[in-house]
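The following pair of complexes shares a single chain, chain A, combined with chain B in the former and chain C in the latter.
What follows is the complex of A and B.
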């Protein structure tokens, strides 16, 4: 019974970073702007499919080779081409990775803009939740049945992270975790600044009462679209990291359960609070890793317990208990303070 | 297209449509009366199927007794879920998203508890033990006893439900609550009591539909979850809160999943793996372009008829 603490720690950080990005994007959309994105899996999967496409087409082009259609008879050839380039030329791998992030963010934003279209026309507010949920399932079914993107239901492998070229797996995963955490920090700072700007106050006003915001001359539909674009771009970036960390893209990873995981994070942490989203992501990742390791260890001593099932039961219970006893989350949203507030306060003291 | 395939897909449409109608009516009831999109409805369907399965393995082979048993068990679970989960939450006057999330969470718990039990006792992908008999056979069509059980049972239950809604005090109170909650309360409708009856009806119908589904095909703990979005499609197509609309919607969904899919496969070569996307596309198109669903057409006819009567 040995546990490699260094690798476990690095894996934990990696998973935390990826979930934190998803949680931050949902917090921006639902927590701050009040858009119920029950289709998070869709926007995450956009990043994954983008990565699959860039690794099959862009990567060979950058290396000066001709891309090969990745499915069917060419499966192994295409796989060897991908892994060969990543192993030999780290510069090209890195460039491809960075370009993938950018392209995924752009495509994700575009899809987010398209998805915000129904938000303008639906009759009742919860229909949007249903439309996004169903939309994510439609895309999953289409991708699973349509070969050219990720070889239909077979999925596509060999989408490794660029640092494997260093030849040292531990160092490589450590560097990759650092990149992810840097991205999390970037998104966190961006999102904090956004929330504490006048624009952020508009978002909260929109969440609290759309009509009031509208009557003050704010363009609700445009603001909603903007937030969907930003949130989806972040989600797509997290999708790239998710799939590159896994090395394998399969449509079956982007099911409703993934969306629910992200919701659990935001609900635990505190709806509307970015620190809460980070805390929620951390708790869920630790819970996930610990139960996974415990399951393996217990399995070795011959004690079988279906942890995948228990994990979901636990998540359901967590959501219900949080909603009932602490709906504001572990770290509740702080009331708005602006310079005007502090000015008023000092004047009152005088 | 060969007539055998054509008729077979029509028969399947009718069968599946009837079951969807049963499932969707429960969903519509909770949506209309309690104002809750209950995603945990899926697990009530699965639960009904498994209750019937276990009963049949224990030697219960009277179908009517089996359906009654399913009705009782799932109705009890539905009432319990209202009492333990939704009612305490509702006291805080939460946003509808909180309620949706709670129903997801409840569904998750029920589904994976079922998974645990099914895994322990090895009940994956089993069919309810009802001997298959052929009751009608011609060159192009085979109808089994299952068909003659599923379709009439569904229709009888639908008729009973419509009688209940239209001709009893309880039904009137339910419709009043669905129409205008505040007004119904003022008129002295006992809201809690009607809520409990609504949950009993919705849960029980889901359980019976699940049991019939389990007679029709093999079941696993994901059965209800895989069906629930088709069921939602029926409700959405019916305009969310309409009784007749929901039934029509269920048959339209059943037809488009089987008959239309068969046509698309035959003439356009569309693969059957795309079949689950059909109800989803229906949901999106209806919500975007015709949120009142099929009811709008009927209301249109009615007002036109009334107008013709009043000023000829």
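What follows is the complex of A and C.
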């Protein structure tokens, strides 16, 4: 078997970028602010469902055409309408893609806020983890059974990448990967600057002892809600990129396993460290691809091994080893926050 | 004029009446001691005042304003700052970060401003200089970039005191400011408290078990026993009070 290194590289970068966004959002929520969001898949899926809706309704409207209900008898017509516009009018496809990102971020943030409302009033933070974990599954099962969003269990296809109109698949995927990496850079810089500010200091204090933080004048509920909004907006953006990369939105992609993958990334990389989140996302993406290819190869020489089992065993093993030997992660969090420290340093040297 | 007034404040946990019908007055600019055996309700009373465990009934007035319905963070905002009995620092944060956290009205604490460092850099620098002076005074300036967990027990208590000050308080509720501290340093901590009252006009309500030091610094004392105020008076009056001696020293 020959491997197309260019395509593999582009695919790897794309998957890495999407995972990195999820890991950065969880790192902000749990790593820095201490909110154990075990509903990551839910907030990612919000982006996916938003994309399904905008590609069905907004895209034709932007192109001056009438949207078609995407499921049942209209399935083929609606699919042709979507793919046709994206293939022929790149400007409209791009505009729709960018609007989808914005809308998904807004809806994601809104749902993050709503989820924060009951959840953040739970006294024990791990109850919140359970509520989000279960809530995430409930929403997935509901969407699986409710046709208008993604045609229930059938899913929606034809959510093509925005650059396919160029006619060169490799160039199109490459440009799409660049867009994703640019978003990763943006989120990374935003998050770093947020952490290295008085707000970051507040988040860390809240993570460590919310009772004391509260008695020092900090509004814990509001702050946690803010972080849920920001984290969920980022997760929803990653969800849009996830489905647009695949071209297909299916509720089955947003199972608990997705949430756990993101947790593995953050735990491996280093809880509270954005660079760690990126490293974790990279390692898991590579392992994910390698196990996938290995499973196919093994299958060809006669081993009947389920790919999913290999990766679950591997990821579980990694988590156990990390927690046993390096619980702080590969790149531990650095304690310094703002530049106030360097100010005192120069003051001391004088 | 009294800065803090409690009128018939009661707090129960189930059947346990932790604080029962407590009334007291903390005059401005005074250092008031709050003593009593373990379990007499002292820490609970501080929790009630700072709304961590809101009162069941009674009134709490701060500068004449009723605060019993306010939340913990609002009460801090009014200038009523408390410390805790167990070391309650943010141990995984630096000494400097610990001291900067309570600073009020921080522009950089708003998420939409925080990423734009030029919007809050000046304010942060001013706060850092203020903190630097304070840490110097408390003899822990050189540890500014150490984790709070790396400080000694006494230094932790000093940092806690300094941190309370950074919130620009009017009244400090200190829960055992010298717990677990060597006698000499305990004295230093109280000297710092006296100095703060002198220089900044602050008022203190201090829960403390080290009566030998406390009596040297307080203007007057309240004695609690089984959730109630047993008596109040000057150090001399309290040490002469036979009821206090009985419950406190078992005499």
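The definition used in the following text is that the second predicted complex is superposed on the first by the 330 of 350 C-alpha atoms of A that agree within 3 Å, B and C clash if a C-alpha of one lies under 4 Å from a C-alpha of the other, contacts with A are read in each partner's own complex, and residues count from 1 in each chain.
The rule we apply is simple: a residue touches a chain if its C-beta (ideal position, glycine included) is under 8 Å from a C-beta of that chain, and two chains touch if they have at least 3 such contacts.
None of these values were measured; they are calculated from a predicted model.
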{"item": "A:211 touches, of chain B and chain C: first, second, both or neither?", "value": "second"}
{"item": "Which of chain B and chain C A:338 touches, first, second, both or neither", "value": "second"}
{"item": "Chain B versus chain C as contact partner of A:64, first or second or both or neither", "value": "neither"}
{"item": "Residue numbers on chain A that touch chain B, as the complex places them", "value": "30, 36, 38, 118, 121-127, 129-131, 134-135, 137-138, 141-142, 144-145, 153, 260, 263, 267, 306, 309-310, 312-313, 315-317, 319-320, 323-324, 327"}
{"item": "Chain A-touching residues of chain B, taken from the complex the two chains share", "value": "37, 85, 88-89, 92, 94, 96-98, 100-102, 104-109, 111-113, 115-116, 119, 229, 232, 236, 271, 273-274, 276-277, 280-281, 283-284, 287-288, 291"}
{"item": "Complex contact set, residues of chain A against chain C", "value": "190, 193-194, 196-202, 204-205, 208-209, 211-220, 226, 230, 335-341, 343-345, 347-348"}
{"item": "Complex interface listing, chain C residues touching chain A", "value": "50, 52, 72-73, 76-77, 81-82, 84, 88, 90-94, 96-97, 100-104, 106-111, 114-117, 120-121, 124-125, 127-129, 131-132, 142, 144-145, 147, 163, 167"}
